[in-house]
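Each structure below appears as C-alpha cells.
Below are two complexes that have subunit A in common, paired first with subunit B and then with subunit C.
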Partner chain A sequence: MKTLLDRVDKRYGPATALTDVTVEFRPGVTALLGPNGAGKSTLLRILATADRADRGNVRVLGGDPTDADDRHAIRARLGYLPQDPRFYGWFSAYEFVDYVAILHQIHPSSRRRRDVRRVLEAVDLTGRMHRRMNRLSAGEQRRAGIAQALLGEPHLLVLDEPTVGLDPVERLRFRRVVSDVAKEHTVVLATHLMDDVAGFCDRAVVLQQGIVVFDDTVDALAAMAEDRVWLSDAPDPTARHWWRTGRGTYRNIGDPPPYAATTPPTVDDGYLELIDGGAFLPGRSQ
Partner chain B sequence: MTKTVRPTHPVLTLAGAESLRHLRNPILWLGTCATIAQAAGRYADGEQPLSSGWVTGDYETVFSAWSWLFLATFVIAALTAGRHTEPRPAEVLSVQPTDAGQRMTAVLLAGIVPTGQAALAAGATCAVVARAGGIATGDFPSLRLIPTAAEAAVAVAIIAVGYTLGVAAALTISSRPSNVLLGALITFLGVAMYWIWGYPRSIFGLFAVPLSSTDLGPNPTEDVKEQWAILHSPADPVYMPHWAGYIRDTDMTAWHAVYLSGIVLLLSAYAIRRATGRVPRWPAVAGLLLAAGGAIMQILTYSGTGN
Partner chain C sequence: MSWHIHDEILSAYFDGTVGDAHAASVEAHLLRCAQCRDAVAARTDRRVHADSWAGLLERVDRPRITLTERVLRAVGVPDGLARLTAGAPTLRRAWLVAGLGILGLALLVAWLGSGPAGTVLFIVTAAGAPAVGVALTYGPRVDPAGDLAAVAPFSAVRLLLLRTLVVLCSWLPGAALLAIGLPQHAGIALLWFLPAIALCAVTVVLSGVVDPAKAAIAVTGAWLVITAPAWGGPRYGSSGEWLEKSVAFRGSGQVVLAAVAAVALVIAVTAAHRESRRKS
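The block that comes next holds the complex of A and B.
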C-alpha cells in the first residue's frame, strides 16, 4: 500500500507551491520540514486528498486519489489535521468528534461512540469533552483536532503542525499516541518544532521553495552540521548563524575557525545548515 | 485498490444526528410554541370568541401566526447549512468518506424536524379551534370555520419551504447576519403580510388563503342567500349597504400544497448543486413537475372571486 508522490508539480495561480516533488512515505513517522511557504501544507493537502496535483503521479495507500472509488477508500483509512482547522465553536468537543466519526462512516453507533471516547481519552480531553469548542483553550481545541484525525485507526495520518499550542505534557502524550500509530502505519507531520523531530520522527523530508532538498533519517539531517558547530563566549564573526544559549555561551554554525572545538550537532543545527538561506534568522551574519 | 460500495446509511445516520441537533434547538420550539399560541390561544378556553375587526380577520390571524415557526426554521436551516461553507472546518469535512452531496442531503433530510413541528402546531391548532366550535367569521355568530386538511397541509409545506429556503440562502450568501435579515424579510413579506398575495399572486406565494368574498348586492333573494355562506349582512345601510358571501376554495389550496412541495424539491436540488457542483436529476425533475403542475391546477380549480 504505497503512498508516494512522483514528479509532482502544484501551482496556485502564478505562485509555484511544489516543483518536481518525488517522495515515498513508509510506515513510521516522517517529519516534513521547511521554511514558511516552502510547500509543506500543499504537499500534506495533496496526500490528504484535499487538493490535487497539477502534474505527476500520486498514490495514497496504494490508491489513486483522482479515482472516485479509490478516493473513497483512501479517505476511510485516512486521518487529517489541517494547519488551522477552526472547528465549530458551538459544538462541544464530543459533538464535534462524533460528527466527524459519522462522516468517517464508523458504524454501528456503539462502535462509533467507543471510538470517539478512545480518541478523546488518547488526547486527555474526556474531562472537558462536553464543553463548547469556543470555550476550550487553543491547545485543547488542537487536541480535539488531533482526536478527530485519530478516528477509525487510520493507516495514514497527515498532521499539519499538530503540536502548536500544546504544553510539554500534552506534547509527550501526543508523541506516544502517534508513535503507537506509526508502529504499523504511516504518519506524516509538518512541524517547525525540532524537539518533535528529534524526539520521535524516523525520517525528515525538507522542502525549500517547493523542492525536496533533503530526504533521509533525522540523524542524517543533524549530521549535515557535523564539524560545523562550535561554542564561544562571544558571537563568532566567522559563523553563518549564531545565537546566545541559556548558559550564556554562543552557539555558532558555519566554517569553524582553527582554534574552535566543534560540538555534536542537533537537528536544529543540521536544518539551519541545510537551508542556509537564513534571512529569517535574527542571528545571521551578513 | 479494491472497489468499494458506497453505503447509503451514512446519510441516514448523519440526518439522524442533524435531526437530534434540531430537536434540541430551543429556537425551533420557541417558534412552534409562539405559532400555536398566536393561532390557537384565543380558543384555548373552549369558548367561541366573537369575530373582531375585519369579517375574516380571525380566520386570517391563524395564517399570520406561522411567521414565528417560519422564521425560526429559516434561521436554523441557514445556520446548519452555513456550517458547510466555512472554509477551514470544511477541509476536515472534505477529506471524509461521506462526500459533500451526502452531507447536504442529510442536512436537507433533517428538515423533517421543523416540518414535523409544523404538523404538530397545525394539529394542535385544528384541535383547539375545533373544540371551540371553529373560527368566528363574518357578522353571523353562527358562521364558524374549522381549518381543513388542505389548509393544514399548506401550513406544513410552508415550513418545509422555509427550511430549504434557509439552506439555499446559506449556500448562496456566506454572511450569517445577512441570512438572518433575509429570513426576517421573507417572513414579513411572505407570511406575516400574507394578504398582499391575493389571487393570482397567491399561486406563486407562500400562503394561498382559500377564503374569498363576493358582493351579493343590497337585496339578494332568499335563493341567492341560501346558495352562499353569508359573511356579512348590511348592518349599517349607509356604510355597508351590501350583503357579502364567501367561497372557500379548498381544492385550490390542496394544489397549492402540491406546488409548495415542488418548490421544496427544487430548492433541495439547488442546495445539492451548490454543495457538489452537480444538479441532482430526480429532485430537479420531480420538483419542476410538481411546482408546474401545482401552479396550473391552482388556476384550473380556482373558483373564488379574487377578493
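The block that comes next holds the complex of A and C.
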C-alpha cells in the first residue's frame, strides 16, 4: 500500500506551493520540516485528499485520490489533523469527536461511542470531555483534534503541527500514542519542534520554497552540521549562527576557526545548516 | 470487622429478593468490610459487570440532543444522520434571521404604498435566500468542521442534501407565513415557492463540482438576471403585471422551474445514493 508523490507540482494562483516533489512515505514516523510557507501544509493536504496536485502522480495507501472509489477507500483509513482545525464551539469535546466518528461511518452507535472514548482516553481528555470546546484551553482543543484523527485506527495519520500548545507531559503522551500507530502504519507530521523530530521520528523530509531539499534519517539530518558546531565563551564573529545556551556558553554554527573544538551536532544544528547554511542547493538531494 | 454477611442473605441480595432495609444494610457493610467485598466480587459475573459499565458509559456519554435532531429522529432519521444534519445550527440561525428580516422589510415596503416593488422584492428574495442558506451549511469556508468533513468517507452530497432539507424546512414555513401578510392574492404571493426549491436543488448539484459558496453565487446571480425584467419598465400597474415581465413568474416558467427542480433532485439523490454504496 504505497503512499507517494511523484514529480508533483501545486500552485495557488501565482504562488508556487510545490515544485517537482517526489517523496515516498513508509510505515513509521516521518517528520515534514521547513520554514513557514515552504509547502508543508500543501503536501499534507494532498496526502489527506483535501487538495489535488496540479501535475504529477499521487498514490495514497495504494489508491489514486482522483478516482472516486479509491478516494473513498483512502478516506476510510485516514486520520487527518489540519494545521488550524476549527470546531463547533458549542459542542463538547466528546460531541465533537463523536461528530467526526459519524463522518467516518463508524457503526453502530455503541461501537462508535466506545471508539470515541478510546481516543479521548488516549489523549487524556476524558476528565474534561463534556466541557464545551470553546471553554477548553488551546492545548486541550489540540488534543481533541488529535483524538479525532485517531478514530477508526487509521493506516495513514497526517498531522499538521500536532504538538503546538501541548505541555511536555502531553507531548510525551502524544509521542507514545503516535509511536504505537507507527509500528504498523504510516505517520506523517509537520512540525517546527526539533525535540519531536529527535524524540520519535524515524525520518525527516525538509521542504524549502516548495522543493524537497532533504529526505533521509533524522541522524543524517543532524550530520548535516557535522564538524561545523563549536562552543565558545563569547559569540564567535566567524559563526553563521550563534546563541547563548543555558550553561552560559555560546553555541556556534558555521566554518569553525582553527582553534575551535567541534561538538556533536543536534537535529536543530543540522536543520539550520541545511536551511540557512548553504548546504541546500536545488536538486542536491533529488 | 467482627461479623460478616451470611451466605443466605448474600444470595438473596444477588437474587434481588432481599428487602430494601436488608439491602441497605448489606451495602453499608460492604463499604467497610474488605472480606465481604471479596465474597461479592467472587460471585459477580464479569460479563454482567462489563455490560452494566458499558451501559452506564453509554448513558453518561450520550451527547445532548438539539430540537432539530429530536424532530429528525421523530420522523425516522437515524441518530448519526440527525447529528450531522443539525451540525451547523448557528450558521443556519444567522442566515434565517437575516433572510426573514429582509422579507419582513419587503412586506413593510409593500404595505407602505410601494406595493408592487415590495411584493417583487419579497418574491425574488424568498426564492433566492434558501440557496444562500444551503451554501452556509456546508464547505470548508463556512462550516467550522468543514475541513474534516471534506476528507471523511461520508458522502458529501448526502450531507449537503440532508442539510438542504433542514434549510427548506426551516425557511418555507417562515416565508409562507410572511407571504400571507402580502397585500396580494395567494396565487401571486406564493410564486416564490417553486423557484426556491429549484434554486436549492441546482445549488446542491453544482456543489458536487464547485465550492458550495460559488454554486450559490452562480445560482442566485442567474436568478437575479432572470427576474431582472420584473424590476424594469414603467413603474405602474399591479404587482402581477410587474412579475409577468419575467418568464420565471409566468405559468410556463413555473412549469420549467418545477421540471428543473425534479431533474436536479433526481441527480443529487442518485449521486448521494451512489456515494453511500461505496465500500471501503
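Side notes on the structure shown:
Simple rule for what comes next: the second predicted complex is superposed on the first by the 276 of 286 C-alpha atoms of A that agree within 3 Å, B and C clash if a C-alpha of one lies under 4 Å from a C-alpha of the other, contacts with A are read in each partner's own complex, and residues count from 1 in each chain.
Here is the rule we go by: contacts are C-beta pairs under 8 Å (C-beta built on N, C-alpha and C of every residue); 3 or more make two chains touch, one makes a residue touch a chain.
Please read these numbers as outputs of a predicted model, since none were measured by experiment.
With both complexes brought onto subunit A, simultaneous placement of subunit B and subunit C is prevented by a clash. In the superposed model, A:64 makes contact with subunit B only, not with subunit C.
Once the two complexes are overlaid on the shared chain, A:36 sits clear of subunit B and of subunit C alike. Looking at the shared chain after the overlay, A:113 reaches subunit C, while subunit B stays out of its contact range. Of the two partner chains, subunit C is the only one that A:92 touches; subunit B does not reach it. Between subunit B and subunit C, the overlap after aligning on chain A sits in one stretch of 56-64, 128-136, 164-172 or 236-244, namely 164-172. In the superposition on chain A, subunit A positions 48-50, 69, 72-73, 75-76, 78, 80, 82, 85-88, 98-100, 102-105, 107, 109, 148 are in contact with subunit B in one complex as well as with subunit C in the other.
Note for the complex: subunit A touches subunit B at residues 45, 48-50, 61-64, 67, 69-70, 72-76, 78, 80-82, 84-88, 98-100, 102-105, 107, 109, 145, 148.
Residues 48-50, 68-69, 72-73, 75-78, 80, 82, 85-90, 92, 94-96, 98-100, 102-105, 107, 109-110, 112-114, 116-117, 148 of subunit A are the ones that touch subunit C when the two sit in their complex.
Listing the residues of subunit B that touch subunit A in their complex gives 1-4, 6-7, 9-10, 13-14, 17, 83, 86, 88-89, 91-99, 103. Residues 54, 57-58, 61-64, 79-81, 83-84, 87-90, 144-145, 147-154, 275, 278-280 of subunit C are the ones that touch subunit A when the two sit in their complex.
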